[in-house]
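Working notes for the structure below.
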């Protein structure tokens, strides 16, 4: 039961589609679930969808394929959308034994199974500077889509060839929120931030070498952006950027 | 002429309140202005309100009181809202000779003069961990207010005394976007991020000593927040956080 | 012979259970041992239990399984408790040929064999923020138990879901000392430190990515904790935290 | 009302020195106080003594002398011990107008007024490596004393002249907890940690130049101590070390 | 005697305008000068113009006004161009007592007196992102001019308002070498580097706050530029950038 | 069509070797090409040779051999020079199936196929401090050669054996631009910069261990060079240095 | 009584110049002194000359002029050489009231009064790269001289003008130990280390700006020197380098 | 021909054991050798023994076994001592085909073949803090021995068990120079430096984890040593420390 379900239930009572007794029963059934379910190596949070707008997301690293599959099964069996990030084909082989209709996105390194996420209000643009930034950009795009958002991908638009970005200006302006993914000198968010007036969520990537220091340079550059309207998430955190963008895009 | 003005003008044409010729004349008058005005030591950007949703903001450091006053005069005479950040009483003395009805906010170190900023849709909560964080929190609050947002201040709610924060839970939940300001270990955004489902903009402050490294620790902590929905701006950048929050709060 | 043994011996003399001559003989026998025993690649310290309250602990990295087993054998044959940290199954295979009743704790990566460690006075709570922190938390818990302490594990209580921690408040309050293990933004010790008045030993972990910099962010955050009563050990140093907690918990 | 008061009250009931009604009245009177008192620029926490074992401590930086004096007055009028850290003579002049019997400790940069802090169980040794470390060492010593502990100062015992430390071995061994204060290479806690079996709280100081990086080197060295039993607080945080030591020293 | 003088002398011999004996005499006179002149607190290098293309430049910091003036006098009396960087009005007052026709450039913090520097072949563009970068940009521009180059200043063209830069595209393309000066996120060199095919010398400035770390962020960003053709000098080193640009601009 | 081709075409018209109609046709044919060609995973930029003086260069890391080969084929079939950097023998095996006459440079880790790059005006010296710097030095040398420059390699001339460098002084002086490659303490550019008056492009390498921090030390040292005329590129960026040197060496 | 005095006394006994009784008396008199003298704010170490080859040295920072003078008086009255470092004229005014024949070295910021330091065996060369390095170089030179060494100063011999260093090659070769002082890129020790076969002690200085990071760059460069025979001390630690050099120069 | 050989030759002439003609011939024969021999991938320096006191040393990393063996053969065939550092068993297999009597030191990772190195004057003590530091300590010890020094190894004497070090005080005092090897907090050099008056060369090692940052902590601690007489080399640079120690130990 997510927020949308809760609202629908109350509207159904108002509209006489449900008796108060029926609504009461459904609420009790939901509340009788423990807010989190202890499955030994993890506590699966079943109320997060209500508190936070989207069910618990599984972060892959440090979990065995079996653990990931077990958590996935609990989430799906509770009726939630499934999103597993930073995972791989080996984990997917195990997951799909429990969740046969899950999908693996190789470039994005995510496993998803669409649930009943309410739709976002506008378009989330995901812009990426170079081809090496695509795994992070795709993590953001797949996450945003799984959370119910319409996504417009705009890749390979780095600042050293401005014509590529400027020729897409109309698509940028159509966005309700823009995720900008870039490594190396991390300059793209500043340029995009100067072209739009909607929120820009910047994701530095670890793409680069030498004095890129694993994405630190891009991170620092983005934090110092001279364009207002730019906020920043952790290096390579495509998921986090999408969660913020989705949160913005679901505001009434 | 900001976006609201532009929309009003077009609606007036549609509603026959203006003839196309009148509207045309007004548009021409606006466009005849150079997009930026060169006043020697700076180029004042008069179209930014149209492109970016808010007129140019004056960043005080590195400018003489006379330069600040001159820019302020140009902005006000062009009919824009005035916002000067990181400034002081000495600059204000000079500014108010040119802009008599400007206001100086001592704690926030800003000078403002309200313009016709369109109102935001919801409430912007500004939460601050400790009293030493107030200058940055106030910079954010004053900025957000000047940009047309209703602001709810929630100060001195650091995580080492959770009861202070939890007793304000209802105010947090009423927000459309939350700005969280904290120095030292920068833990407040994670706790707030776990309590709300709207976007959280985290502002690390340089409050602390020793291994706080001028706010670096709080910055890093916020970037690593285990709560999703948290994005981060530069250390002490209350203005930037408010600009993002306002941009989110003005989304339809 | 540890301190407890020494005290017992003296009490036995006082209580006439031992003649001074007998006690003298036993002491001589103990002192005739060299304070450390040179076994070629290491000097095994047999008096540490007397000086430091617990026998020498074997730190695994950089030692071959054979070397670890040889040291283990010397420690056990001297009648001490055995604790080997940062080790693995391969070393365990070799160790148990020499010390058949040793136990391997896979998650904690430790090998132990209980000795006659005197019991601690109260409960040591080991709280961990996320599941990825468990190897470090378990290193702390197993170490504390081997050193004679009663341990209460409280895992997966990160600050982004405060209800999980607050629902365990009574267990926290029952502790004589609390070890808090967390990676990423390292916020948990501040929250715990605000809830209890006993010493909190914070252990940053290398859990995280990007700007977590291998645990540096959590380390810095913990050092800047706004809660008093929080001290910090090295990144991933579960053993060290437990040694401190045990030292505190054994104070009369 | 601190914990000791609470316990005394209950014992008085048990011993028939108070009727339940009298005790009830006193408890009600205490609880009728708001847990924190809002004095405009700060919320003075009156229940901290109960929750945390010591009343709220005033951290001086960022507060005007008038603000410090106002908070001090509220704390003292509520019957609590007064401790103001990182302050100066100018603030003291203002404070003593409100709290005439307060004392200023110049080297320690603290203002105190003893309250009814319950006595610690043993001795807190404060050891400092060099004379330049004394301000931090004294902040620790004065804090510990104000919190009810007996303090033994052992200054100028740096590792480059071991005989100075070794000649005080007996005093070290008599401690229930040891605070070690050192700058530069921060080696003293490792040496002390090898000589005692009680908890050692290490305080790095910003004493040094060049590659001491404002105390970072001492901090890192202490975190990497090869002696077990050593935990660390922030650079120059003499207060924090004393709070931990006092917490340890007040354990039953 | 600089390179141009040397070439002219040899051409005069070839053209019979000088006898070999006359040329020999002039060369001897030059060579009889010591290559450097010891004036107590410095060795003034009189042959640098021949070796390095420009006479010795005086770096102001760490020298008294009297020392600067003494060096300046030696340089001018040897017939060289004078360039003093990182200096101030107080030093200028002393210098002009010895070198009456020297000029002080307040914004650039330099003192100059034109000599016979041979002219560069093309135009050196100095582009600066923001008004706070002007002191560094002017140091570069004045240095380049003093070294004989034609300079085109292009200020306040930061990437968050691309139209300001793009409207100057024709001036960029006319340059033989471009110096780009920027602080904060240091993105301008990447954008400029994508628009021109001549060498770009990037100068990070210490403009910014918080995570700009005194120019480190801009420096790192520029080193990671995705545009080829961009090389970088030290933070705030306008002089160094101009020396390189002049060296490039004087290549035949 | 590169710039040389464009100039030739116009000269042919002037010299009546082409009618305006013929020239017009050829220009149309070129312009009819899209400026970049989307091949799915990348946009190959066919106009870069005109804008930037050299066709697009393929950066190997993060691309599969198949992707590299596909891009290589598009570049070659468009008539451009081919340069692939940071690649390996496995990629070469795939590339030469599409581009049979490509060459693999093992030490330089590059694949090249000469095109019609216009010749540089002078000599590019590539100087390297130690044998471990050769991969980076060769990347620079091969890049410069592929871009049409004459290269003079001067290897193993580190500053700890000055006689090796000084014995090559005449070769240094003959250069139009010098690339200096060094790891460890990165001192060579300062020494070379003091010996020549042409531009020096310094390339720090990751050669070293311990406090070389992956080339950071050499990078910082080069940025602080006391020799003017030295600019710096990213760690190990031999390609970038050569691109700058070639840009300088192609100036008229 | 230093080592030389001790040896002389024993030789006098052997040579019958002293009776054993006389020698015994003198030794007793010396040993009757406490090894350190507690003067309240410091413990003056009177046996260091015997243990360490030179009496205690006073490090100025953090001590009042009165404290410095008091320590100085105790050292001189015990018959030792006096060396105060990092001090100033104000302290000197106070010191010379107690020690009238002390000398203040302004550039070196030291106060000295020669004692009976035994002479070193050879020459200590102090080489400095630039004029801004002179305060550190002079601290080294004055320290070495006060410790009994013959010093040869070789200033302004930075690597960007190699001829200045090479012309002094003969003086370098005559040294028994060389101290090399340099800021910025810190390259001089590598070049000197390649020219001599005696120990080189490198002193990085905080001279520089921007990416010199207060001497960190020079420090790192020196630690990575490709010349063997180079060891390093802390930034600006001229005293430390001289102490090492003197220790080397006094070896038999 | 090393320095000793050169001196002997001249003494033989003086002593009439050689005629001047014979000596002349031998010198010519030596000088006829090129000072360095180019073998394609390296320049082997045959005069270094004369200039620097020891022949060229081969640093293994980045060289193939074949290259190492080829260089080794050239060094040995020129009559020099052989020292190869940072190498392994695989390289040794190849080397001993060319140099059959070479020796591989597994722990020290070096290959040596003794030459005619002149003997040092005293004892070089190599002290190491922990067993994990032994590879670096052995690199130092083997290097020092190969360079002709008598070495006294003193291992496992870390500061957390001072009695182990103090019981070896007499061996420390017998040294002419002490190499101290330590990782983690790097405190041992300070303690040793306070016990001896001969030069101490400190070697930080990368032993440790977490906040040891690969040896950075030990390096910084050693640079900040409060004991005078301590200089420092790069992390893990056992070879460098031994080269310095040998240089000191060979001073007359």
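As written, the chain order gives the labels A, B, C, D, E, F, G and H, with residue 1 at the start of each chain.
What we mean here is this: a contact is a pair of C-beta atoms (placed from the backbone, for glycine too) under 8 Å apart; a residue touches a chain by one contact, two chains touch by 3 or more.
Predicted model, so just to flag it, every value in this text is computed and none were measured.
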### Message
Following contacts chain by chain, what is the lowest number of steps it takes to reach chain F starting at chain C?
### Response
2
### Query
Taking all residue numbers at the chain E to chain G contact, is the shared part over half or under half, that is, same or different?
different
### Task
Look at interface F-G and say which pair in A-E, A-C or E-G is its repeat, using the rule that over half of the contact pairs are identical by residue number.
A-E
### Task
Would you identify the chain whose Cα-based centre sits farthest away from the centre of chain E?
C
### Message
Using Cα averages as centroids, what's the distance between chain D and chain G in whole Å?
### Response
40
### Message
Using mean CA coordinates as chain centres, what's the gap between chain D and chain E in Å?
### Response
57
### Query
Centre to centre, by mean C-alpha position, how many angstrom separate chain B and chain C?
50
### Query
In chain A, which residues are in touch with two or more of the other chains?
161, 194-195, 210-212, 216, 219, 223-224, 234
#### Entry: Every chain pair in contact, whichever chains are involved
A-B, A-C, A-E, A-F, B-C, B-D, B-E, C-D, C-H, D-G, D-H, E-F, E-G, F-G, F-H, G-H
### Task
Please name which positions on chain D make contact with chain G in the complex.
131-132, 134, 156, 161, 163-164, 207, 209-212
#### Entry: Residue numbers on chain G that touch chain H, as the complex places them
51-53, 57, 121-122, 176, 194, 197-199, 201, 219, 223-224, 228-234, 239-241, 243-244, 247-248, 251-252
### Residues of chain G that touch chain D when the two form their complex
35-36, 41-43, 45, 48, 61-63, 204, 206, 214-216, 219, 234-237
### Message
Considering only the defined contacts, which chain F positions touch chain G in the complex?
### Response
129-130, 158-162, 166, 184-187, 190-191, 193-195, 208, 210-213, 216-218, 220-227
